[in-house]
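In the two assemblies presented below, chain A is common to both, partnered first by chain B and then by chain C.
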Partner chain A sequence: MALIRNPFDHDLPSADSPQVHVHLDGKWVDVPLGLNVIEVARRFGKLIPHYCYHPKLSIAGNCRMCLFEMGTPKLGPDRKPVLDGEGRPELQWVPRPQIACATTAFEGLGIRTASPLVESCQKGVMEFLLANHPLDCPICDQAGECKLQEYAFDYGKGRSQFGEEKVRKPKRVDIGPRILLDDERCILCTRCIRFAREIADDDCLGITERGGYNRLSIHPDQRFTSNYSLNTADICPVGALTTKDFRFRMRAWFLKETQSICVDCATGCNVTIGSREGFVYRLTPRVNEAVNSHWMCDQGRLGFHPIHSKHRVLEPARRVETGLFPGEWPLVLGQVAESLRKLEPSSLALLVSARLTNEELFLVQRLRESLRGESEIFTEVVPRKGQADGLLRSDDLNPNSKGARILGIGADGEKLPELRKRIEEGKVRALFCLHEDAIGAGVPEEMLERLSLLVWQGILEDKSCERAHWVLPGASFAEKSGSMVNRAGQVQRLHRAIPTPGRAKEDVWILRGLILALGGEDVGQSVPDIFSKMVATTPAFHGFTWSGLGDQGVPLPAQAG
Partner chain B sequence: MIVVRRPDLSWVEQLYLPGFWEGLKVTWHHFVARLSGKTRVTLQYPEERPPIPPGYRGAPVLVKDEEGREKCVSCQLCEFICPPRAIRIAPGGIPEDSPYAKVEKAPQEFWIDMTRCIFCGYCEEVCPEEAIFLLPQHYSLNGRSREELLHDKAKLYEMGGVLPLPIRKWANK
Partner chain C sequence: MTKVGAANDRLAEHRIILRFVDEPDYTTDIDCYLRHGGYEQLRKALSMDPAAIVAEVKASGLRGRGGAGFPTGTKWGFIDHAKNRKPVYLLCNADESEPGTFKDRQILYKDPHQLLEGMIISSYANRAHLAYIYIRGEMAHGAQILERALAEARAKNFLGANILGTGYDLDIFVFRGAGAYICGEETGLIESLEGKRAYPRIKPPYFPAVLGLYLCPTIVNNVETLCNVKHIVEMGGAAYSKIGTPNNTGTRIWCVSGDVRRPGYFEYDGGAITLGELLYEVCGGIRDGNRLKAVIPGGSSAKVLRAGEIYPIRRKNSEGRLEEIEMKLEDLPLDFDTIAASGSMSGSGGIIVMDHTRDMVECLNNLSAFYAHESCGQCTPCREGALWMHKILDRMREGEGRPEDPQQLLDLADQIAGRTICAFGEACSWPVESFVAKFREEFEAKAAAKEHERLQPAC
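This part shows the complex of A and B:
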């Protein structure tokens, strides 16, 4: 089950519902009793066009786009179904179309999704929906992924009998901090109203005015401030609700879509990264019924912006008196490895981020192995605590805390006070920060100055980077592939959407380079290779394969998490 | 598909001799015109300019309407359709205090790389706002560097100027 509780699951009937026989476009098929007719058709590759129906929201039945022809078993004088030659019930067809979204499957239900009656209904409904719709497509952000455009093309009649003036409604209405409303484009499907009421629990939207002047409005004293408000822009079938962040930034058809996961908290919502030519424009949620269902929070959705910040570190460099001196990667890696090798193993500590992927953490593990002598090398992750909201957001803001625990890198920062103590006492004289700021993790600035070696690997300049002797620019989540374990123990994949900027490199490349320079064993270049090596040495991941993770991830066995 | 029927030729026409005779007449006509100086082949370019036929596809430029409003709304269809990918657009919004706020969208920047353009005219054809045209007067393009041939928005509007057209899509919106 998803980590968020949906009030409705029209597409997922309960497992114990019995199978019934349904007549779908001339074929008898078996479906669970009570399954929504739109979902019945979808299961067999047929699309019943719809606007207001959403599998996770209550049924409104107001767009009338999903009209279909319905049949019921013909009853004989004995009130028993009349059977045909093959033992199937004979159907009699209801003379008027029914709405599919409000009909559920029962024994002997007949469905016609493409009869002449249905097609003429669809044409008529499309004509009504388009009567007052503005010709905004050139300036509308939804163009290219607009259901009204698509269905007008597929089911519309191509011309309108509407010769009157279109109704004017408010445009560019600011209804919330992140979302903008265009009432002229709205087709009054009420999906957003139902989402706000049923899932976001912020009941502030509604329909006002009458007849042709019907429009979506926000409560006059409220703003749509919910942390889930941007989901309404996703479920809006037209361009009535648009996100301020993505508005007029790029047309949808230019975006390359990469399936990945959100790294803003431990939930690991499945997302699609929309990027073009090395620039990420938006994240949109991707359906995964084991994690986030159809939704994601605004904070995670907008959390990608720092990857294009001007504070990105772009060049590997060494600190000299005058500042940072850029170097070539092989040289820098060789010199870093040399200075790491010279250290007493007990005097080195690795401050690792639980925002790294399993593969990177595994390489950290390998690096630790190849450096250790008699004594262990200290490693710990830095915890990030937030506020869980009871929906999707987790109180743990590190996306891979579970992975770090499984791979033995750290356990939610329990040992951080000890690290501080060891630095204070002078036992630890060298620190390797991986995507973490030591000062943010509680090590005072003056103690950092005392270190004989501070290696920093990360993406954004921070206080530790300013003091680091070596700076190694790494990759953000959109620039690397890998796997992470979310708070429910789902192992999920990230995929690389854009190349790393400047001379930054993927972290597995950097860590592998260090391991090789230290004379360690080669774990392979590609993430799938590293994954299979990791699986071989980590019992918790036993039996996992990189391709087997798929787009939806695989849950860890219960005892491992 | 149109099926064009071959003409039925009479037996005189089937000899082809009348055809040859007509062809030779044209050749003779040109021969005499050249000898007598009536036809001049060489133009003193750039002082003398050839007549450019209507519909000639010159450089693509952006135009404004008669009120001086930039017509382009940065829908990026031309960028999408452009076969050599000569067009780049940075889309942007129109501020709410502008008289054309209802248009909502306008390009922040618009580049056409004339070293890539193949003058196919798809951009003009695809434009839903009638904002980009391949104007015949811009048949002669030259520059001293590649940068000079990368036309930006200011240059494109300077070349395009005002092109009044009967359709006023946004006037009564």
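This part shows the complex of A and C:
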């Protein structure tokens, strides 16, 4: 079950539906009773083209692209189905084409997805949809991933007979803070309207005018401000709804697609990172029925931008009187290791981010092991509280709080006041910030000044970075692979989409370097290697393999986490 | 029952529904209605079992007068009262917007209580406690008349709680449309009544009798249909079924407009007179001594019939055997079945007559303008097709026709009919299909009228 409740799940019939026999393009197949015919076909590798149907939205039946030929069992005089030689019912075909999206499987249903009648229907609908379409594909962001283009190619006539004046409608309509509408491109499938009403609970879209002049409109007194508004750009089959953020930035076909997860909150929505030449252009939600279903929030989608900020820290460096002095990685790591080794373990504290991957946290654990003598090394994470919205967003804005807990890193931030106290009392004299800002976490600036050692590892300059004795540039979520555990206990993978900028390095590389310099055990350099080492020593992950996590992740066993 | 009109007795009208409407002293007051025996059938009906009324309506053979001619008793039988736990609603479709049709308004404006009596009986028969009259937006005065009639009926306890002491409660409200033809389509009507855009619903699953108003079982009937119920209660289903011909029982109100000398509305038994008799004798023939060219027999959505056509009609003969006979246009008896057998339909009873001076491209363009304007635009083929066909016809009319236009029109009509959400798809494509097929030479002549530079197709 996804963490968001969809009003409809046409693709997921209830587990107890009995199986029925359905005649699909000449073959009898078994499917659950009540399964949507588009999904029946999909399960057997056939596409019934469709625009308005969406598995998670109510059925509108307006595009007429999914027309198919329907058969029903022929009844004999006794009102019982007539059986053929093999004991299968003989079918009679309904002369009128039916819409697949509003038909569900029943015993003896016949489906023809490609008969001459069906093809004629598809050609007709495509011709109608294209008649008044502006065909501004060359300047349309949807080009390359446009269902109108795709179906025109696969099911269209190839040539239009339309020789009249096209209907003109508004373009570049500003309907919300993050989204723009082009009414001429809109095919009036009402997916966006239904999404806004049924899922985002922001019923602000509708249709105005009549007939061939129909157009999608926003309620005159409203803006589409929902934090989920950009999902409509994803489900819009054409380029009618575009995100202001991605509009005109990059042609879809140039984008490299990397499967990963969103790190903006503990939900961990599955995403596809669209990048090109070391630059991330967009995140789009990736279907995962155990997590985000088809959706993600706008905040998470647009949250990647700071990774390309000019405040990225790009060089390993040591602070000298005149400022930061860049160094070579091996030297820097050696010197940081040396400084750490010299410390009394109890005088060191680690301020770790719960935004790190399990593998990174595992290396933090290892680093701590190689540094500790008799006494524990104080470790804490920084909590981030937001507001749960009842949809996807969690009140925990750290994407891997569960992983940190499992790996014994910190105590959900409860010990932060104690860290401050320890520094104040002079018990802690060295601090290692991993992707966290100590000042932001409540340690006053003047206390940081008192420290004899402040090591900072992270991506964006912050106040702690400005005071750090050592600065180690790490990687953003898009630049690394690894795993995280979301709020429901799903262990999911991130994949590296782009290289780290400048001389920044992946955090596992940095941490492994420190461990090796400290004479610790080598846990390997690849994330899968580190993952298997972690699994071996972490009971909660017992039995997990890196490749076994797959694209959709694996839930923790019930008692763990 | 009154016989009005023509000299020839066979051609005299048989007015049941319109019996009093045109009498000089007949008013819309409830007192006038009561003086004419009004609400007597309501008393009778309320003493009957609701199921018995449904049985009478079934026995009467009454078919819907809204256009599709669906058997009313069968429709009422769809609700299984033993299982149903939801409220039942009865809706009177008074949206009458089909071009060529002006029968319901005679009743609404001149005899509102007859409709109310029919509705109260029908509501009782269907166990509805709330009913609405969905009246076309343009009939503002009609709505006022109905409001007044409702108030009168309430004051006399024909409506409200415990009607006439029988324990039956019912109220009826008037709901005015905002002027869209599609609000007459029953599921569009329901959406509109719910306060939404009148987008017709997909069927399945939204059959009104199952998932109608507020997703409850709902009966939608035409004004004329509901009025007939009163007379079925009065004379009994069996007696009613003897009026007209089998399967075409009761009377029908025919609305004649266009190129005849005396257009108007006329009530006859089903199949009692022929089209020729109606046009040439009742309506005084074609105007100005012109010749008949074409007839649309059942509202603008019906396929056009061309003068001089001969139709092979299959029908049961007097011995009940199926036979096929040939019939001229003028000899078609006015009923549901024969007109359907001629390839058209008697639909809403709107008969539109065109004489030989009419330009068929012009006529079709007029109709197509209506359909392009009235398509609700919900589903692709109708939204795009209706406007496209109109644009072609408009261009042809302007003398900018192209040789491929007639075939293009046929192709487009073919891509719409049978593929849409509601029957508007057929309504907008049947006229095009039939006009172009039957008057192809006129369309071809128009298409070739002007040698002109071919436009490059715009896409």
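We adopt the following convention: the second predicted complex is superposed on the first by the 561 of 561 C-alpha atoms of A that agree within 3 Å, B and C clash if a C-alpha of one lies under 4 Å from a C-alpha of the other, contacts with A are read in each partner's own complex, and residues count from 1 in each chain.
Assume contacts are C-beta pairs under 8 Å (C-beta built on N, C-alpha and C of every residue); 3 or more make two chains touch, one makes a residue touch a chain.
Keep in mind that this is a model prediction, so the values were computed, not measured.
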| item | value |
| --- | --- |
| Superposition on chain A - do chain B and chain C clash or fit | fit |
| Chain B versus chain C, judged by how many residues of chain A each one touches | C |
| First (chain B), second (chain C), both or neither touched by A:E374 | neither |
| Which of chain B and chain C A:P138 touches, first, second, both or neither | first |
| First, second, both or neither for A:D221, with chain B first and chain C second | neither |
| Partner chain(s) touched by A:V125 [first = chain B, second = chain C, both, neither] | second |
| Touching partner for A:R247 - first (chain B), second (chain C), both, neither | first |
| Minimum Cα separation, chain C to chain B, after superposition on A (Å) | 10 |
| Footprint overlap on chain A, comparing chain B with chain C | 135 |
| Chain A-touching residues of chain C, taken from the complex the two chains share | 180, 197, 202, 204-205, 372-381, 383-388, 391-392, 395, 402, 404, 408, 411, 414-416, 418-421, 455-459 |
| Touch list for chain A against partner chain B, complex | 134-135, 137-139, 143, 171-172, 247-251, 253-254 |
| Sites on chain A touched by chain C in the complex | 59-65, 67, 96-97, 99, 102-103, 120-121, 123-125, 127-133, 135, 160-167, 187-188, 206-207, 209-214 |
| Chain A contact footprint on chain B (complex, rising order) | 73-77, 79-80, 91-93, 96, 101-105, 128-129, 169, 173 |
